[in-house]
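Before anything else, here is the set of structures, which you'll find just below.
In the two complexes that follow, chain A is the common piece, with chain B as its partner first and chain C second.
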Partner chain A sequence: MNGIELKDISKKYKNVQALSHVNLCFKENTIYGLLGRNGAGKSTLLNIINNRVLADNGTVTLNGKTATENTEVLHNFFLTNEQNLYPEGMKVKDAFKWSSEFYPGFDKDYAEKLCNLFQLSHKKKIKRLSTGYQTIFRNIVALSVNVPYVFLDEPVLGLDAYHRDLFYKILIEKYAENPFTIVISTHLIEEISNVIENVIIIKNGEIIKNDSRDEILKAGYCISGISSAVDGYISGKQVIGTEILGGLKTAYILGQPETNIPDNLSISGMDLQKFFIQLTNS
Partner chain B sequence: MNLELDQEKPIFIQISECIEDGILTGGFPEGTQIPSITEFSVNYKINPATALKGINLLVDEGIIFKKRGVGMFVSEGAVNKLREKRQNQFYDNYIGTLIEEAKRLGISSDEIIAMIERGFIQ
Partner chain C sequence: MKKMLKYQIIDLSKSFGVYFCVIIALTIAGISFSLSVTSSDININFNGTGFSSVILTFVMGICMYKEHYLMALQNGISRKSFYKSSLCVISLFCLICSIFDTLFVITAEFFIERFSSSFQILNILQLIYLDFFNGKGTFTMLFTNLLFTFTITIMSAALGLLISAVFCRIPKKYRTMYVIALPIFCCSILPMSFVWFPDFCSRASDVFFAILGLKDGAINPFIGCLSMSATFIILSICTYLLLRKTEI
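Right after this comes the complex of A and B.
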């Protein structure tokens, strides 16, 4: 198949099972949201795909070719995360020059244009940038390398609302004009829920959900009303969570709602964030 | 045009309704070009495939037509077509919910009619 395929990936750090038996595919030209709570295994997964961490077992392939330790294949991937890959004291503009040597598709003009939009001075030393600007700098590199698979591990970490908005818009514009695969790991689910096409939810090192965003949103609904009425309605249904506020109750239910909802209950759709919270709690 | 999306309705439906509103209010006059898929997706911060799906609904209804390599345009007669469509949906979209809420509050049909007449005068 075309795309990245992970088969039976496991990884253990000392006593912690970071990933267990992960099977996943990343198709061409698709935007994925990789969601999981802190410590769920998102970063480990991205590091393994990008050959920065070795898995204990399992394989990563691109279009059938092994990716692990294979420079030819790995040139199609780009991962940006908190790790600084640049030498101490390097300036932004030198980092662009450096990147274009590793990635022949690197578009320096585009990177400069993004620097202007984000008001990042390319004469600054990377190490001296604030947390937000370090993230912005890494995002700019990731959007300029022009490889078919880009992995963004928390791309809005430390960014203010204006810069997050700008980043999403630039990302969408770039993707709309020239599609590539983007895997975004983030905690700000609501902000990207309309951008991503596929959702992967990881919990305690296991993939618990891997589906299109639309399918996930169709998979459940919320019912609220007086507790007793809600309790009556939900008996026998697959409830993934409830919230109580005084005598009122909201239940999150998997499955399709019945056509006749009692008058004293109100129904609403399940958004991605609600779904995520209910699915990953405890 | 409504620029805020909510999560209750599928996004592609909301996009097509936004464009419909734009056509009905004269923001997108008949015969003129509408923004591109990229512009819509950037503006609403949505996946371009979703924007395309929403616009294709209108293409299928003959409200919008595509010119290869140029862009997308509002068809002649689109306003009338949309008026007719919205009139047909009026009962489901407005009257149904109006009566539902009125029943909940104990408002009679005579009272509703009086309110509607008052609304028309104001």
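Right after this comes the complex of A and C.
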């Protein structure tokens, strides 16, 4: 099969099972959202794919070739996360220069253009940049490397609303012009819900949902109203969670809604963030 | 591996360039000073520039692991490729250091012989194995100096790499203890052990001198070169065993 395939990946840190028998595929030219609560194993998963952390067992392959410790395969991947792995004394422009050496597809002009858009001075040293600008710098490199698989771990960490919006716009533009696989790991689910095509939800090191965003949103609905009416409606249905606010209750239900909904109840579509909260809370 | 090799060579060449400039400048300053003074009571000795190369390559080993390893992982270079590249870079720069040291001695002695009698330069080899060169020709001395400086610097770089590799592998909570304990052990406890355990240390130092080819009556720098080459190989193997499982 074409794409990245993870087979039976497990990783344990002392007493914590970070990942447990994870089987996953990342297809070509798709935008994935990797969602999970803190400590769910998202970063560990991305680090294992990118050979930064070694799995206790299992394999990572790209089009059938092992990725672990394979420079040839690893040059198809690019991961950015909150860690700055560039030398502390390195300037932004030098990082671009070396990125173009390591990744022949690196588009220096595009990187310069993004620097101007984000008002990032390429003469500055990376360590002198603020948290937000360090994130911007890493995102610019990730968007300019032109590799088939880009992994963005918390790509909007420390970014203000304007820069976050600009980043998502550029990401979509880039993807529309030249599709590639993007895996975004973030806690800001509402912001990326319109960007991602596929959703992977990870909980306690296990993949609990891996489906297209549209399928997930179609798979359920919300019903709201006074508590007693909602309780009456949901009996016998597959409820993944409820919220109570005053006398009002909202229930998140899997399945398709009935055609005859009582007048005192209102129905709405499933929201990705709410779906995530209910699924990971249960 | 070629890309990593290029990056490491360019990155380190700046530091080595500065180092060579400093050594040359200091030597020129020393010769100039010795030429400017007329008193015959003043003698200037410039000894063991090779030792500064040993320190430099040791620091290079430490820094290389920290910065270049992370850069390698960021840019999709496997640990094995990074290791191979690092060994090539270490060998290259140690060779440059030994050539520089040898050329430096030749050039400096050439000028000293002609212009200044109050300035003297002794290289690392002459300092340790002075007796070996009695009656030996200049070519033997230069070739031995080249080989000896190369082996001692490469061993030093491998030691730096290993110290850094251990640092990256040990749990974070023990790292501070490690960086404090290591110099204390090397600079205080190890020398003091000669006072605490004189018999044992005397025997250990006899073995140490023997493997360095400094045993009385059998002074031979080639034995030292062989021992240091073997040490380099052992240190490099240990570093690889640590490196292949190192995570960020």
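Operating definition for what follows: the second predicted complex is superposed on the first by the 281 of 282 C-alpha atoms of A that agree within 3 Å, B and C clash if a C-alpha of one lies under 4 Å from a C-alpha of the other, contacts with A are read in each partner's own complex, and residues count from 1 in each chain.
Going forward, a contact is a pair of C-beta atoms (placed from the backbone, for glycine too) under 8 Å apart; a residue touches a chain by one contact, two chains touch by 3 or more.
Keep in mind the model is a prediction, meaning the values are calculated, not measured.
Of the two partner chains placed around the shared chain by superposition, neither chain B nor chain C is touched by A:K7. In the superposition on chain A, A:S268 makes contact with chain B only, not with chain C. Of the two partner chains placed by the overlay, only chain B lies in contact with A:N194; chain C stays clear of it.
In the superposition on chain A, A:H21 makes contact with neither chain B nor chain C. In the superposition on chain A, contact of A:D214 is made with chain B only, not with chain C.
Of the two partner chains, chain C is the only one touched by A:Y103; chain B is not. Of the two partner chains placed around the shared chain by superposition, chain C is the only one that A:Q83 touches, whereas chain B remains out of contact. Of the two partner chains placed around the shared chain by superposition, neither chain B nor chain C is touched by A:K113. On chain A, the positions that touch chain B within their shared complex are 31, 165, 168-169, 172-173, 175-177, 191, 193-197, 214, 263, 268-269, 271.
Against chain C, the residues of chain A that register as touching in their complex are 47, 50-54, 69-71, 74-78, 83, 85-88, 98-99, 101-103. Across the complex, chain B meets chain A through its residues 5, 7-8, 10-11, 37-38, 41-42, 44-50, 104. Chain contact summary for the complex, chain C toward chain A: residues 1, 3, 6-7, 11, 67, 70-71, 73-81, 244-245, 247-248.
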